[in-house]
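I've put the structures underneath this note.
Next, two complexes with subunit A in common: one pairs it with subunit B, the other with subunit C.
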Partner chain A sequence: MSDNARRDFLKQVGITTAATVGLSSITAKADEYKSGEVQGVLVDIGVCVGCRNCERACQVAHNLPAGDPEEYHNRDVYKEFRRPSTHSLTVVNEFENPKNKLIPYDVKYQCMHCNHPACVSACIVGAFTKNRNGAVTWDTNKCIGCRYCMVACPFQIPTFEYDKAIQPKIMKCDFCFERTKEGLLPACVANCPVEALTYGNRDELLVLAKKRIARYPDKYIQKVFGEDEVGGTSWLYIAPVDFEKLMFPTLGDKPAPGVTEAIQHGIFSYFIPPLALFGWLGGVMWLSKRKKELTESETKKEEDK
Partner chain B sequence: MKRKIIFTSLLIFSLVFIIVYAKVDNNKAREQKKTQASETVTQIGNKTIVPEVPNDKKYGHAMMPVDCKTCHDCEVPTKNNPCLKACPRKEFITIYHLPEEGPTVVSLDEVKGDYGAVAFSHKVHAQMSQMSGGCETCHHYNTTGPVLKCKTCHSTTRQRADISVPDLEAAFHRQCLNCHRQWSHSTDCQSCHVLKGQNIKQVEAEKLKKFKTYSHPPLTEPKKVIFKTNHQGGDYVTFFHTEHTDNFGIACKTCHSNDNCINCHDVTLKAIDQNTPVRKTHKSFQEHHDPCSKCHVQQIENNCSFCHQDQPAEAFNHLKVTGFNLAPFHTNLMCNQCHKQPGNFKNMDKNCTSCHNNFVKGKFDHKRVGIELNETHSDLDCSDCHKNNRFDKSPDCSDCHDGYAYPKQIPGKKAKR
Partner chain C sequence: MSELVIPKPVKHKFFTPGMVIVTLLALNGLYFLAKRFLFGMGAVTNLNNFYPWGLWIGVDVAAGVALAAGGFVTAAMGHIFHLPNMKPVIRPALLTAMLGYTFVGIGVMVDIGRWYYIWHPMIYWNGTSPLFEVGICVMTYLTVLYIEFFPIVTERFRGKVNLPNILSIFNKPIEFLFKLFDNTLGKAMFIFIIAGVVLSTLHQSSLGTLMVIAGYKMHPLWLTPIMPLLFFISAICVGIPMVLFESLIASRSFGVKPEMEVLKNIAAYVPLLLGIYLGFKLGDMAIRKSFVYLFEFNKYSIAWLIEIIFGVIIPLVMLNFKKVLNSPLWLFIAATLVVAGVLINRINTFIIAYHPLYAKVAYVPSFGEISVTVGFICLMVILYRIIVMIFPVISLPVKNEEKY
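And then the complex of A and B:
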């Protein structure tokens, strides 16, 4: 099959699947929403001092190696941009403040806990769950290690324990699901010395965020990141500079997943077992991987010439 | 061709799988779907959140019977953004504690955490703050009445109903770290906190002993500051500091916040000569111009050379520029005592009576100019000697006394001013 032919074939599969199962299955759940239940965190970048207490608290709460508290005050880590990893579910990065070099902008990153999580939709075995309180959690017993969530997430959040041969896990911030269940605050929120992280009802946080921007119009830009992005997220940010400057992706207000979600929900509604879908998608994956290898070897050959 | 075969076999394989799996696991899938449906939420309700104007708590001077707009030029003045009008204004805040009246050391032990309490050297901080915002740097919204406890508004626990006000831990840390991290370039805990288990009373006693007699060195004010800028043509900006503070009554905090502290306390400065007169500034273009722009509106907008000159500027000489000598009677006045309209200094009438309506016979104490009039002369009208009431000109004696002239002859005796 030539490359073009294959592409056409895939396109057709996509279109027919979408058409047969219909997209209506996604919105069918709207009635389940209970506004008061969704919690969130407002991250105020204008307040964060980059002490990385949140990082350490997160480590401790998740039984990850935490180390000495004083180590976290070493600001050398800020020389390189970091992303959440299997070893740290949240990381703080630092950016220069052109207005005052002595007060740089520090930004905490973690899972945004999207209202319409792409990871949930992409996961073909339903290992991800969007919980009523907003938290997007992951179940080790269901995961088959396909890593679609990693590809689907618009914020590049889920990470995979490549270094573990036996039962590698997908690692990401779980909004401290176990803690909040017991009425505790998320570990990072509880340990931030300046309360740059405010935990609360998402709707209330939105009001709070907008009030804060209105009160300090010179300090903040007129935007609450996460209000609309990919259909809204539980974690919200306000900042003194444009979010692109803080390495936030520019995203529309439509939920990230499109056809994938439709396929998945559609298939579930027709009781087609996920494993079969996995087999089918696995085939697609295998092919695209092979294609990549081919092009790579072709370019290599060209380079050799 | 090979690929085609692989692909077809894969499809067949999946189809077989579908059938087998569906048979074996249909029930399981149904269950899974059920649990999923009850666990998941994928939709967030309508959002129409309109920000309201916050209804500030009214403390202290906010209760005074004046329109807020008299001093503030924004809707909602806050601690960080009080938007005070900078130009000459009446001081409304009348109750002001001296730093020495407050406690010397305060133990901050209300918040429990990984570290121990903080023995806060209140007095020296208050002394420093005199130049960078005063008591209300910390005791915001509360400048006139009795000093409120921080926890009156700031909750001692993070989990609370009203999340619009930072909790006590955050309020403290924001207050301290905002300056301290700029000088220390760190957010380490131990420069303020004692270690857990350490006796705070003992640390407090030690500090009390140290600071009882120690005061922060007095804050000195430069006469002028010369800025070397990167402005094209007109590198130098000379700022006559004392003139602005003395003559216009501008308070330190109008321009300075914590930048004064940094000038001495920045840990990286220790490496270079502390006494060096040249200091690099961390301020942005806007931060440099904002304090000036409140009064020098037009100059900032379209007359850079008003401040930016090729070399350090001479001090303003009233006589040279305007022809009116401030010496000897007007040297200690604030500019706005004569130039009543802010920003408008031109076209003043140089005639004394245009300001002094008491320069009339019987009301004016002539001794003040150094001559006590004798009886004959004190009965005269001012204009008999001072033609057209021009007091800045020498009096004309020749109208009555042939060959007499001031100051050879005087109409009385010399007196002490």
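And then the complex of A and C:
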């Protein structure tokens, strides 16, 4: 993390000066994820044709109801804007292309697998893990179902099974963690017929993305979404139009949990502030009690006179 | 002095017409609560993937913790800073805190999807999570509150344990436990009193940190890095008004004269605290220039103005007048405004200010959610009434010769 970013943090935290202690640990994490191990996927919105094969592959890979393959050819679903849900971890939406109505923009959405995930930082029991390969995974054995991850996520990705009384789950894309562990591609990437999805090392994907933009400067806008957003994400997008038009949030380059972690580390730097408060209150208690007793005995003496 | 004010059990009929309504509302809440546990969150709440937190977190948990702050505020003022006139209000405030936090715990259990895993934060730690800190502090503080309340139990029953028939074999062991408590924990009570204040400071402020991570999903009129500080100060502000609010209701309900001498003395601290809160709130607004959003006149600016004008400025002005301090009715109105102001602030922060991406309609709590929240408040009223009728909590005037 640059010095500028640090200074910005300080500005944001403002009055909570003690919070500065936390900054060093955040910096350490940032470097960790710059190591070459992090994998990612480059989504080329200029290539995607909206066939929804990725959606079906995801359903099958996660044992979710996949339905008849024919259903996925029905383009009526695009009439309504959809979001990932408990029964579909990735969805494709279609947007009209004002320049050419015959070539609409199709956009796949799923968990972005942030470099500094808000869900990992926020989770009360640490049920989320940022794995070394970039995947953000969720542990059903820890989760208590508090849904703070959903409050925290800047991409509004985790979903919750509200209709279950027992063991409701948080559902989100897990970057096909079980598949990639065995050397397989994520299900969506493996099933994309037009190579709109490219899986690989995140650093190399960034180079590839920039090369593509440079080679077709008329086709793409000059931006790789996910390069810097909330400190960078494993999933990267290049597109022919502004990302706001494709319903992506406008985000700064600071990690989503930054300010919160700075405050938390400030309040709890090695438990010194709480213990100091305890000691101070103890001192005040003792002194004010003595003072009270002294005045009381004096008034008593006066009364006796 | 012909009259002494000491805490003793209140003698009064339990059911009044008001209490019948309260009981019915509590039962209505329990019906929806059963539905939630049998069929899941979705069967009762209007929550969805865009609005994961609603009325139950905003009111039952966040506002509940704030309104139970009277416990640590009066303990700090009376036991630690030894300010005068605090004594008669410490016990009622402690009882409110104990009941309040108990229901915060129950409220959390109702709201989390896997209520049977509520103990998980004790073994699975996540230091970066403000929610983890709130959870641990609330659990510990609840224990401390029960310990702080125990001397009231021993005061009532020590030397008087007389269980009927077969249960009488427990008389001696229970007496022994009371004695043991008085001689050990009772002597170390100052440790628990200070711990209670430290724990409250931590989690009252961390509740304010919760929504910081939501970032741009929060309206800038509320989102600020000093949210923890504002939450902490507002919790201190509401401590005394909550005591006034309850004392005045309780004395009316039990048909006794309110202790205006005591109440007006502690009410005099409130304007200063409210002034400090307002200073930080407006100062932060000026530094971040978020006042520009006030001129948009949408639901956010209106919610903010209601919160600040009715919850802070009006009571701040009112409590400077002798007339208000001397009149039970005016004092009640001023105290209610502060309590409502903090309640509205927590609702604004957790519900109104949160505007997630992609949500097509804004969240409005369902009838079931409101029923559960109202039901919990009514259950608390019922328990409060039962406890003050059994234990010496409320200070009542007694003739000198009657002193026991």
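A few notes on this one:
Going forward, the second predicted complex is superposed on the first by the 224 of 305 C-alpha atoms of A that agree within 3 Å, B and C clash if a C-alpha of one lies under 4 Å from a C-alpha of the other, contacts with A are read in each partner's own complex, and residues count from 1 in each chain.
By definition in this document, a residue touches a chain if its C-beta (ideal position, glycine included) is under 8 Å from a C-beta of that chain, and two chains touch if they have at least 3 such contacts.
This is a predicted model, so every value here is computed, not measured.
Once the two complexes are laid over each other on the shared chain, residue contacts for A:Ile144 go to subunit C alone; subunit B is not touched.
In the superposed pair of complexes, A:Lys181 makes contact with neither subunit B nor subunit C. In the superposition on chain A, contact of A:Cys123 is made with subunit C only, not with subunit B. Once chain A of one complex is fitted onto chain A of the other, the partner contacts of A:His87 are absent, as it touches neither subunit B nor subunit C.
In the superposition on chain A, contact of A:Pro168 is made with subunit C only, not with subunit B. Note: residues 126, 268, 274 of subunit A belong to the subunit B contact set and to the subunit C contact set alike, using the contact criterion stated above. Subunit A meets subunit B in the complex at residues 1, 26-27, 29-30, 32-35, 37-38, 47, 49-51, 69-70, 73, 75, 98-103, 115-117, 120, 126, 129-132, 134, 185, 189-190, 192-195, 198-200, 202-208, 210-211, 213-216, 218-219, 227, 231-232, 268, 271-276, 279-280, 283, 286-287. If you check the complex, the residues on subunit C that touch subunit A are 37-43, 45, 47-50, 52-53, 76, 79-82, 108, 111-115, 117-118, 120-121, 124-133, 135, 190, 193-195, 197-198, 201-202, 205-206, 209-217, 225-226, 228-229, 284, 287, 354, 356-358.
Residue ranges on subunit B touching subunit A, taken from their complex, read 3-4, 7, 10-11, 13-15, 17-18, 21-22, 25-26, 29-30, 32-33, 36-37, 39-45, 47, 49, 51-54, 76, 78, 80-81, 114, 158-159, 163-164, 166-167, 169-170, 173-174, 177-178, 181-182, 185-190, 262, 282-284, 286-287. For subunit A in complex with subunit C, the touching residues are 12-16, 81, 83, 85-86, 118, 121-127, 142-148, 150-152, 154-156, 158-165, 167-168, 247, 249-251, 256-257, 259-261, 263-264, 267-268, 274, 277-278, 281-282, 284-285, 288-289, 291-292.
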